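What follows is a set of structures for review.
Both complexes below contain chain A, partnered by chain B and then by chain C.
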Partner chain A sequence: MQSASVDIVQAGKTFGSHIALAPIDMEIRQGEFMTLLGPSGCGKSTLLNMIAGFVTPSSGAIRMAGADVTRLPPYRRKIGMVFQNYALFPHMTVADNLAYGLKMQKLPKAEIRAQVARTLEVIKLTKFADRHPRQLSGGQQQRVAIGRAVITNPQVLLLDEPLSALDKNLRGSMQVEIKEIQQRLGITTVFVTHDQAEALSMSDRIAVMSEGRVRQVGTPDEVYERPSDGFVASFLGDVTRIFGRLTEIRGGAAVILTEAGPLRLPEAQADLVLGQDCEVFIRPEHLTLVPDGQPAMLRGTVAMRIYQGGHFDILVDHPGAVGGHILLRLTDREQAAQAEPGRQIGLHCDPKNLRAFPSA
Partner chain B sequence: MRLNFHSIAFWLLVSLLIGFVLLPAVVTAIVAFNAGAVITFPPKDWSLRWFERALTYRDFQRGLWNSVIVMLWTSVFAVSIGGAFAWVIDRCDFPGKRLLEGLLTSSLLIPSFTIGIGFLILANQVAMNRSFAVVIVTHVILVLPFVMRAVFVSLRSIDPSLERAAASLGAGPWAVLRTITLPLMVPGLFSGLLFAAILSFNEFTATLFVSAQATQTLPVAMYNYVREYADPSMAALSVMFFVMITVVLALTNWLMDLGRILAIKSQDH
Partner chain C sequence: MTRSSIFYWFVTPAILLALLYAAALSCILVFSLREHVPGSLVVGGWTVENFSFLLRPLLIAVFSDTALICLLTALATLLVGYPIAYALVRVRSSFLRATILIIAITPMFTGEITRTYSWLLVLGNSGFINAALLQLGLIAEPVQMMFTLPAVVLVLVHFTLPIMVIILATAISQIDPAYTKASESLGAGPLRSFWHVTLPLSAPGLIAGIITCFAWTFSAFATPQLIGGGKVNMIGNVVYQIGISSFNFPLAAVLSLAGVLFTIVLVGLMRFALRPLDHIRVG
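Here is the complex of A and B:
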């Protein structure tokens, strides 16, 4: 079966008077890995279940491969789904779990056996075919769940926080496995997570959601480097925010007055009106140390230096920053050695990497 | 000293409780081996004649047979009806759902003899007062609340995402019921079956009204017997009851344990 594009057209969901999902438009392209990213309760599962058919939209429509499926029950949509708790059938063996979807399609027995054997190989569980799910580890159960979801060759693969029950090491390798299977099959995939690192590493595109709305849809690079609002900027990756106010716009540059003095950034990067209270966003990896005695954009005292293995995180006291600290990330050990706790340091950031959004 | 006194008091209390619980059974068991025709305690002479009497008395034989018939039919009907309604009430949404649930479990609130009299009158109206049907219907009504409770508990312990997973794999509502829900309901249905069987076998109050000479169950036959005779055969019957129930419980226990052991074994391999 050909994998399909998914069009969400002004689809929204209300539960009583509670708006779980404001009407949204979203186009998921054929073969694309789309991640729905946002904090718990923002409506990710509601949107995913609307695509699956478990939630009927209060308004709007869902299309798969161009065909309207809004009123189609889940078992008539050609989907594969992976649940947070795997939802493996406890009374069936691994092989029977995998065969379930094929049996529903009434395929010949021999064909089912062959496909199950092939899938067992893909998920590396051939030796476990006759075990029951409770006899498998979390990672193995996860692989069965994925195998079961893709064995029927669905048009769309839907995953609802599939990795959140696994420990961190396993999560990393499962991310790679899911991505590999997805690319090999070229299957349109909608992946739900609240973990921004997971979203950034796996997705073709990310839809960042909050409070029932989609804030931004874009490639990982776009949402990270060019966030459309303060929520997106602070939800993805680490960021330092500095309070300020837009005081003037001159020659294509916006001047924002902060505790640390005026900060200048390209006008296009400040979506503000004159006099508006705002926050300036700075990524930790965009800050550099300024040699002693030279002018610096920001100054402060090093409060803490945290060894992170591959890099150092340095917290610099600054009264103008949200939380009272600026976060600086150094990979160079010699530079990090200079940032000794208690020492006064100067910091610089290229204005093109600064961004300003209205205060929340 | 004080500690000693406390522990003595504690064990005294425990012994009293055990004695209190077991005393009737022990007294009855001893009486059953009486040789005389009148109940004397303790017996002067010993014999097994009352066991023989209980086993060969025609009304008891019939009563036991009737009890088994009623118990089997009651269990089958109560579990199918209770199971189906429990599923409908738990998984479907429709107006009057709470009312239906209340109705099906209402026999908990109505005294058994009221139900018995009610069915007796109804059965008379349709000239079915001598049939097993009326006894079985009465028993089904009486055990239904307990069966439904057992099924509800097992239904609610089924993870709803299992049924969703099945639907996402192309299973329609009936296929989901047949391949996922029903198999996972088996433990609940089984405990419902046990409830129904035990309650039906022990039921006396309502059965007294709805059974006729030909359909009387063992408890009713025993009641009729003690109205006429006061010999120790009743005690002998009690001992046999006790032994039977112990055997059944031990068997169930063994089966369950066996299930657990098998599960653990297969987990290890």
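Here is the complex of A and C:
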């Protein structure tokens, strides 16, 4: 079966007076890896379950490969789904779990056997065919769950926080495996997660959601580098926010008055009106140390230096920053050595990397 | 108080009861080994003669009838109880759930005699069913329902239903609804999902329910006594007749012991026969 595009047309869901998902439009392209990212309760699972057919939208429509599936139950939708706890059938062996979807399609036994064997090879579990799920490790169960979801050649693969039950090391390698299988099959994939690192590393595009709304849809670098609002900016990656007010717009530059004095940034990066209270967002990797005695954009005392293995996180006291600290990330050991706790340092950030959004 | 001392406090009543039961059972054992003196409650000398009585065709028939009634009851209770238990677990409205629970559990709190007598009003020749059918002109004469095996089974089902529902509901509530979702995502409709996933995953409950109901019905007395009316006899009724009508306590004791042993052996066998399903552990 050909993998399909998914069109969500003004689809929304309300439970009584509670809006789980405000009507949204979203187009998931054929073969695309789309991630729904957001904190719990943001509506991402509702949207996924809507695409799967487990939740009927209160309004709007869902199309797969152009065909309206809004009223189709899940078992007629040609989907493959991987659940948070895998939901592998505990009373069936690995092979039976894989065969289940094909059996439901009433394929001839010989063909089922051949396809199961092929899938076992893909998920590298041929030796485990006759085991029960309980006898497998978390990562192996995960692979069975993926194999079971793709063996029927579904139009769309839906993944509901499939990595959250795994420990951190395994998660990294499973990310790669999922991505590999997805690319090999070229299957349209919708992936739900609250883990921004997972979203950034796996997706073709990310839809950042909060409170039942889609805040931004874009490629990983778009949502990271050019967030559409303060929520997106702070949800993806680390960020320092500095309180301020837009006081002036002159010559294409916006001037924001902060505790640390005026900050200038290109007007296009400040979505504000004159006099509006705002926050200036700075990514830790965009800040650099300024040598002593030279003018700096921000100044403060180093409060803490945290060794992170590959880099150092430096917390710099600053009264104007949300939380009272500026976060700075240094990979250079010599520079990091200078940022000794208790020492005054100056910081600089290229204005093109600054963003300002209205205060929440 | 330490954990273990609390534990002993909790266990003490159980131990006292167990001792009491053991004492009663020993009395029965002693009776079973004494000679019967016809026409008297006083027993004679020691003997093992009484046990040969068990091999009489009449007794074998009573045992197999009892086992049959118990099996039919357990299976029928399962059929009636499963949908109720399923609804109890999966229905979303808490009002509806409470209603189902109350209706399903009430029989437990009705005295056995009361419950059985009310069935007389339903099943009797001038009972509710016959009256209704006669009134509708569907039958010309009352259908004989009392004193038949199906009637006994029917009333026993009513008796065992609450316990079956509780056991099944516990088992079904252990099944993660995600299994059903997974099954549906793989192309199986609700019926096939139920058949291939939910039902097999409730196997532990099915086994526990059948065994419990079987063992529970085995000692039934009032129901077969009143509804069977001497035409449908279970072991309890025969023990009663021999003990109270003929005053043959030694023989009654032998029968009682045999009943207990028979139940233990049958339940053990059933457990063994269902071993292959044991690897199903849900959760």
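Heads up, the rule we're going with is that the second predicted complex is superposed on the first by the 360 of 360 C-alpha atoms of A that agree within 3 Å, B and C clash if a C-alpha of one lies under 4 Å from a C-alpha of the other, contacts with A are read in each partner's own complex, and residues count from 1 in each chain.
Note that a residue touches a chain if its C-beta (ideal position, glycine included) is under 8 Å from a C-beta of that chain, and two chains touch if they have at least 3 such contacts.
Note that this is a predicted model, so its numbers are computed, not measured.
J.: Put the two structures on top of each other at chain A: do chain B and chain C fit, or clash?
T.: These partners clash in the superposed model.
J.: In the overlay, answer first, second, both or neither for which of chain B and chain C A:M104 touches.
T.: Both chain B and chain C are touched by A:M104.
J.: So in the superposed three-chain picture, is A:M81 touching just chain B, just chain C, both, or none of them (first/second/both/neither)?
T.: Both partners.
J.: Once chain A of both complexes is superposed, is A:R299 in touch with chain B (first), chain C (second), both, or neither?
T.: After superposing on A, A:R299 lies clear of both chain B and chain C.
J.: After lining up the shared chain so the two structures overlap, which partner does A:R29 touch, if you call chain B first and chain C second: first, second, both or neither?
T.: Neither chain B nor chain C is touched by A:R29.
J.: Who does A:Q135 touch here: chain B (first), chain C (second), both, or neither?
T.: The first partner, chain B, only.
J.: Would you sort A:P73 into first (chain B), second (chain C), both or neither based on which partner it touches?
T.: Touch partners of A:P73: chain B and chain C.
J.: Report for A:R329: first if it touches chain B alone, second if chain C alone, otherwise both or neither.
T.: neither
J.: Let me check the overlay on chain A: which residues of chain A are in contact with chain B and also with chain C?
T.: Of chain A, residues 52-54, 73-75, 79-81, 83-85, 87-91, 100-101, 104-105, 132, 134, 148-149, 152, 158 contact chain B in one complex and chain C in the other.
J.: Looking at the complex, which residues from chain A come into contact with chain B?
T.: Per the stated touch rule, the residues are 52-54, 73-75, 79-81, 83-85, 87-91, 100-101, 104-105, 132, 134-135, 148-149, 152, 158.
J.: Considering only the defined contacts, which chain A positions touch chain C in the complex?
T.: 52-54, 73-76, 78-81, 83-85, 87-91, 100-101, 104-105, 132, 134, 148-149, 152, 158
J.: So in the complex, which bits of chain C are touching chain A?
T.: For this pair, the touching residues of chain C are 176, 178-179, 181-189, 192-193, 196-197, 200-201, 203, 279-282.
J.: Using the touch definition up top, name the residues of chain B that touch chain A in the complex.
T.: 159, 161-162, 164-172, 175, 179-180, 183-184, 266-267
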